[in-house]
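I have a structure I would like to understand better, so I am pasting it below and will then ask my questions one at a time.
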Amino acid sequence: MRIGFIGLGNMGSAMAANLLKAGHDVTVYNRSRGKVDELAEKGAVPAASVADACGGDVVVTMLANDEAVEGVAFGDGGIVASLAPGTTHVSSSTISPALAERLTAAHAEAGQHFIAAPVFGRPEAAAAAKLFVIAAGPPAPMQQVSDVFDAIGQRTFVVSEQPSAASLVKLSGNFLIMSVIEALGEAMALVGKAGVDKHQYLDILTSTLFAAPVYQTYGGLIASGQFEPAGFAATLGQKDARLVLKAAEDLNVPMPLASLIRDRFLALLARGGADLDWAAIGALSAWEAGGAPPTGN
Amino acid sequence: MRIGFIGLGNMGSAMAANLLKAGHDVTVYNRSRGKVDELAEKGAVPAASVADACGGDVVVTMLANDEAVEGVAFGDGGIVASLAPGTTHVSSSTISPALAERLTAAHAEAGQHFIAAPVFGRPEAAAAAKLFVIAAGPPAPMQQVSDVFDAIGQRTFVVSEQPSAASLVKLSGNFLIMSVIEALGEAMALVGKAGVDKHQYLDILTSTLFAAPVYQTYGGLIASGQFEPAGFAATLGQKDARLVLKAAEDLNVPMPLASLIRDRFLALLARGGADLDWAAIGALSAWEAGGAPPTGN
Amino acid sequence: MRIGFIGLGNMGSAMAANLLKAGHDVTVYNRSRGKVDELAEKGAVPAASVADACGGDVVVTMLANDEAVEGVAFGDGGIVASLAPGTTHVSSSTISPALAERLTAAHAEAGQHFIAAPVFGRPEAAAAAKLFVIAAGPPAPMQQVSDVFDAIGQRTFVVSEQPSAASLVKLSGNFLIMSVIEALGEAMALVGKAGVDKHQYLDILTSTLFAAPVYQTYGGLIASGQFEPAGFAATLGQKDARLVLKAAEDLNVPMPLASLIRDRFLALLARGGADLDWAAIGALSAWEAGGAPPTGN
Amino acid sequence: MRIGFIGLGNMGSAMAANLLKAGHDVTVYNRSRGKVDELAEKGAVPAASVADACGGDVVVTMLANDEAVEGVAFGDGGIVASLAPGTTHVSSSTISPALAERLTAAHAEAGQHFIAAPVFGRPEAAAAAKLFVIAAGPPAPMQQVSDVFDAIGQRTFVVSEQPSAASLVKLSGNFLIMSVIEALGEAMALVGKAGVDKHQYLDILTSTLFAAPVYQTYGGLIASGQFEPAGFAATLGQKDARLVLKAAEDLNVPMPLASLIRDRFLALLARGGADLDWAAIGALSAWEAGGAPPTGN
C-alpha cells in the first residue's frame, strides 16, 4: 500500500518504521524535520507538506491532541482538501469523540473515508509492533487498511462502524486509570494515617488481587510522593477528564466518579500542580486528611 | 505447637487441615458438628466447647463477621475467659478495626496476646496453603505464631504492631475492589450507550492495561448483567463500605469515592438487590443513564 | 437618552416600557413583530433591523441565550458592526462568562463599550420596575447608563469592571437555587421514607429557618411531584449547570455540589425529563431510594 | 399539670420558666445547682435527683446529646425506672432517631409513654415562648401534653405517631443548613476567584432570592472568614451529619450531598478545625481552589 504518515513523535516514528518494515511504500511528514530524515534513511519518502503526504491509498495521523489534528486536517492544503476520493484517513491520535464526528462528516462530504484507530501501548510497544489498535469506521475501508494495523500492532479490536466510538473507548481507558489513582489515593491516605507503610501496602496489593501494571506504576508514584518528572502531565489528565465528561454529557450518562476526578484535577491545578504527573491527584486525599499538598506552590 | 481452631467453614477447615499437615497438634471447634468430624479423621482433636479449644499455645478464629467473633470471644466460657496468660488469640476473620481494638484491650487485660491476621485468598488458595496473611500485633507473640502463618499461607505481611491496622488493610482491599466495580460500571454505561459491545470492551481492557483477575471477574458480571447467585452479596459489600467509612471517620480521612460507593449500595438495597452479587452496584450507572435497574423488584 | 432595545419577550417588553415611562427615546427591535407594535403604541420607534436599533447612545439586549445574543451581536448588520464609537452595548440576558468576554473584546476593538447587566426578578418585577440589576463593566460607560438601570430596577449592584463577572454572579444564583432543590430532594426522600408527610414537612421548614420563596416554590413542587408545566425547563437547568462548571473549570475551582447537580440533570434527561421543571432533579433522591422516577418514560 | 423538667441550660431554663408562667406545677432538676435556684425563685420546686423530678404527669428532658439523655433515662433512679405507669416522658433534646426508638421501647415496656418533641429556635425564641415544636408520638398522650407545647412554643407540628420521626425531621433541618453552607462556600469560592467582593455578593443574594436568615448568618461567616467563637462547633456539625447518614442508611436512602458534607467535616477536623463554627466547612472550597485553609493549624 501507498501510505502517508503525519506526526513523527516517539509513537509515530516507531509506527512508520514498522510500516516500512512490512514492505509498504511510506511517505512521511512532520512539522520539524529531524525525524523525517531518520525515516528517510529507512526508506521513507519525505513529504514537503501535509498535502504531499496525501497522494496514496491512506494517510495515518499520529498527533498530540485535537488542535494538532484539526491543524493538518482542515483548511487549504489540509488532508480533507488533499486526499483523493475513495481513499482513507486513519487517525491514531487520542482525539475527542466530537472531533471524530466532525472528521467523519468532513471526509464523507469529500467522498473520502475516515477511521479512528487510537492505540494502547507505550513507545516501547510501538517499536516492537505490539500495540493494541482500537478501530472504528465503516467496514469496507476498515478491510482495506487492515494491513496497516497488522504492521503496527499485535491485535486490532473493531468496536463500531462509528469512528467516534473508538475515541470514546480510548478515553474511557484513561478514565479507568484515573479511577485507580483516586482509589489508591484514598486507600493509602486511610492506611497511611493508621501507620501502615505505603510501600509495603502496595506490595501487598500487587502481590494479591491487584497484580496489574497500572497498580504498580501509579501506586508507586503515590507511595513515594514523587510526581516529577511527569510521565503524563496533570494538565493532560484534566483535559481527558473533561473530554470524558463532555462525551458523557452528550450521551446523558451521569458519571459521578469522573466528576470527582475532574474536581481533583482542578484542585491540583489550583495548587500549581499542572506540570506534575497526573498521579498527583492521588495525593490529594492525604492532603485533605491533614497531610501536605502534592506541591509546595 | 498446640493450636485451637474455631470456625470450620470453607476457609477455616482448609486452614486447619494445613495446620495438621504441618505437624501441629490441632483442637477444632465449630458450631455445627459435620466439619469437626471431617477434621478429626485427619487427626484433629474435637472440642466440645469454645473453652475446650483454648487449652494450647494459640487459638485461631476464622468466622463470618464481628458478631460471630464477639460471640466466641467474650462472656463466660469465651476465649478471653478461657485462654491461659501468655497465650495468643489469632483472628483471621475480616473484622472491624474497632473490634480489633476491643479484643486487643480485653486480651491485654487478661494477660494474653491478640494478633489480627486476616487473609487474602479464596477457598482454593486456602486448600493449597497459598493464602496471603496480613498480620498485625506485638513482635514477641508475632514471632511465636509465625509457624501458624507459614503453614496456611504463601507469604505473611506484618503491617503494624497495632492489630487494628491489619483489619484496616483487609477492609481497604475490599474498598479497592468496589472502586473497580464502580469505575467499570461508569465506563461500561458510557461506551455501552455509544453502541460498543460490553464484552468486547472488557476483552480490550483485560488484554491491555487491566490484565488483573479483579477486572476480568467483575467486568464479566457487569457486562453480562448476571448478578445471581452472588459470590459476595450486596449486603456484605454494604457492610464493608460502612466499616471503611467508619474507620475513615475515626481517623478524619475524607474518602469521597467510598462515600459514593456507600450510596450505590443503599440505592441497590432500596431496589431489592440485597442478595445480588455486590458487582450489581456496577449496573447502577447504566440504570441512571436510562437503562433497566439491576433487579426487577 | 436615545436607547435601542433588542428582544421583546416577557421581560424585555416590560423593561422597554419602563424606559419609555422614564422619558427616554426608545427604538425597539424584535424578531417577531407583535410586541414591537404594542410598544410603538406606548411611544417607541419601531426598528426594521438590528442595525436600525443601534443609532443611539446605548443599545440594550434582552434575549434567551448565548446563541440569540451572538446572532444579533456579530456579523454584518450586527450590533458590533452598527454601533458608533463611544456608545455602549448593555447585555441584560443571562449569558455565559465566556460570551461576555468575547463581547468585551469585540466591542473594545470597535471602539465601543460593553456592559453585562443581567437581572434578578420575574416578569412581574420587570413590569413594576423592581428588578435587581447585577452590572459589571468599565466605570465611565457604567456611569453613563445608570439612568437605564434606574428606570428598570429597584437597585443596581456594580460587581466588577470585568463584564464577565456579572454573568458569573447571575449563574451562581441559579446554582444556589439548584442546590436548594437537591438539598430538599434528599431531605424529603429521607423524611418521606420515614412516613412524614412532605407537605407538612415543607410547612415546618418555611415556618422556621427557611422562610424564603425559593424553599416555598421548589419545596412545593417536590412535595407534590408535579413538574409540568415547567416554569424553567430541565434542559435550561442543565445548560446553566454546564456553564457554572465551565466557569469553575476556567478558574480552577472544584465545585463538587455543582458536579453532583450536573449528574442529576443528566439522569433526569436520560429518563425523558428534559421538558419537566428543573425542580424534578429533586425527585431523583426518592427514586433512588426505591420510589418512582419523576417521569413515566 | 404537674411537670418535671430536667436540663436547665439556656434553652431548658427558659422553657421551664414559661411552663411556670402558664400556671403549671413544675419540679426542676439540673446536674449543676445554679439554674435550679434561679427557677426556684420563680416558683419551681427543686428536685434532688432525676427520680425526684419524675413524680408528676409528665417529665420533660432538654439535654445536650444522646449520651446525656441516656444518662438520665436509663439505669437505677433513671426516668424509666421512676415514672409512674401511664405518665409521659417528653424529650425536647435533639437526639438520634435510634435513641428515640430505644426510649420508645423502654417506656412502652414500663407502661409509660414517650414523645419526642425537639424544637426549632434559639434561646431568645425559647425565652419569648416562640419555639416551634416538632412532636411525634401516640395520639392520646400527645393530647395530654399539648398544654406543655402551648406554653413553650408558638406552634406545634405533630409529624408522626413514631417518636423517631420527630428526631429525623429535626436532624434533616440541620442537614439543610449544612447544605446552605456548602452551596454558599462553593459559590463564593467561584465568584471570589473572579474578583467579586464576597460581602457585596452576599448582599445581592439576601436582597433577592435568598432573603432568609440562614443565608445572612452563614454567608456572613463565610464572607468574613471568621469562624471563632463558634455558635455551633464543627464537631457538633459532624455528629449531626453522621446521625443523618446513619438514619439514611437504616432507611436505604442515598444522600450524596450529605455524604459530601460529611467529608467536608472530616477534612476540617483533620486540619484542626474541630472548635471552629460549623460554617467553616464553607471555607473549604476556597481552600481547594488555591486559598488558605480555614485554620492555621
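Read from first to last, the chains carry the letters A, B, C and D; within each, the first residue is number 1.
As a convention for this text, contacts are C-beta pairs under 8 Å (C-beta built on N, C-alpha and C of every residue); 3 or more make two chains touch, one makes a residue touch a chain.
Computed from a predicted model, the values in this text were never measured in an experiment.
Contact with subunit A and subunit C alike is made by B, D. Remark: among chain pairs C-D and A-D, C-D carries the greater number of C-beta contacts. Each chain gets one centre point, the mean of its Cα atoms, and the points for subunit C and subunit D are 38 Å apart.
Distance between subunit B and subunit D, defined via averaged C-alpha coordinates, is recorded as 39 Å.
Averaging C-alpha coordinates per chain places the centre of subunit A 54 Å away from that of subunit D.
In subunit D, 248, 252-256, 260, 263, 266-267, 270, 288-290 are the positions where the chain touches two or more neighbouring chains simultaneously. The residues of subunit D lying in touch with subunit C in their complex are 97, 120-121, 132, 134, 155, 157, 159-160, 162, 164-165, 168-169, 172-173, 175-177, 179-180, 182-184, 186-187, 189-191, 193-197, 200-201, 203-205, 207-215, 244, 247-248, 251-258, 260, 285, 288-290.
Those residues of subunit C that touch subunit A in the complex are listed here as 242, 248-249, 252-256, 259-260, 262-264, 266-267, 269-270.
By the touch criterion given at the top, residues 256, 263, 266-267, 270-272, 288-290 of subunit B touch subunit C in their complex.
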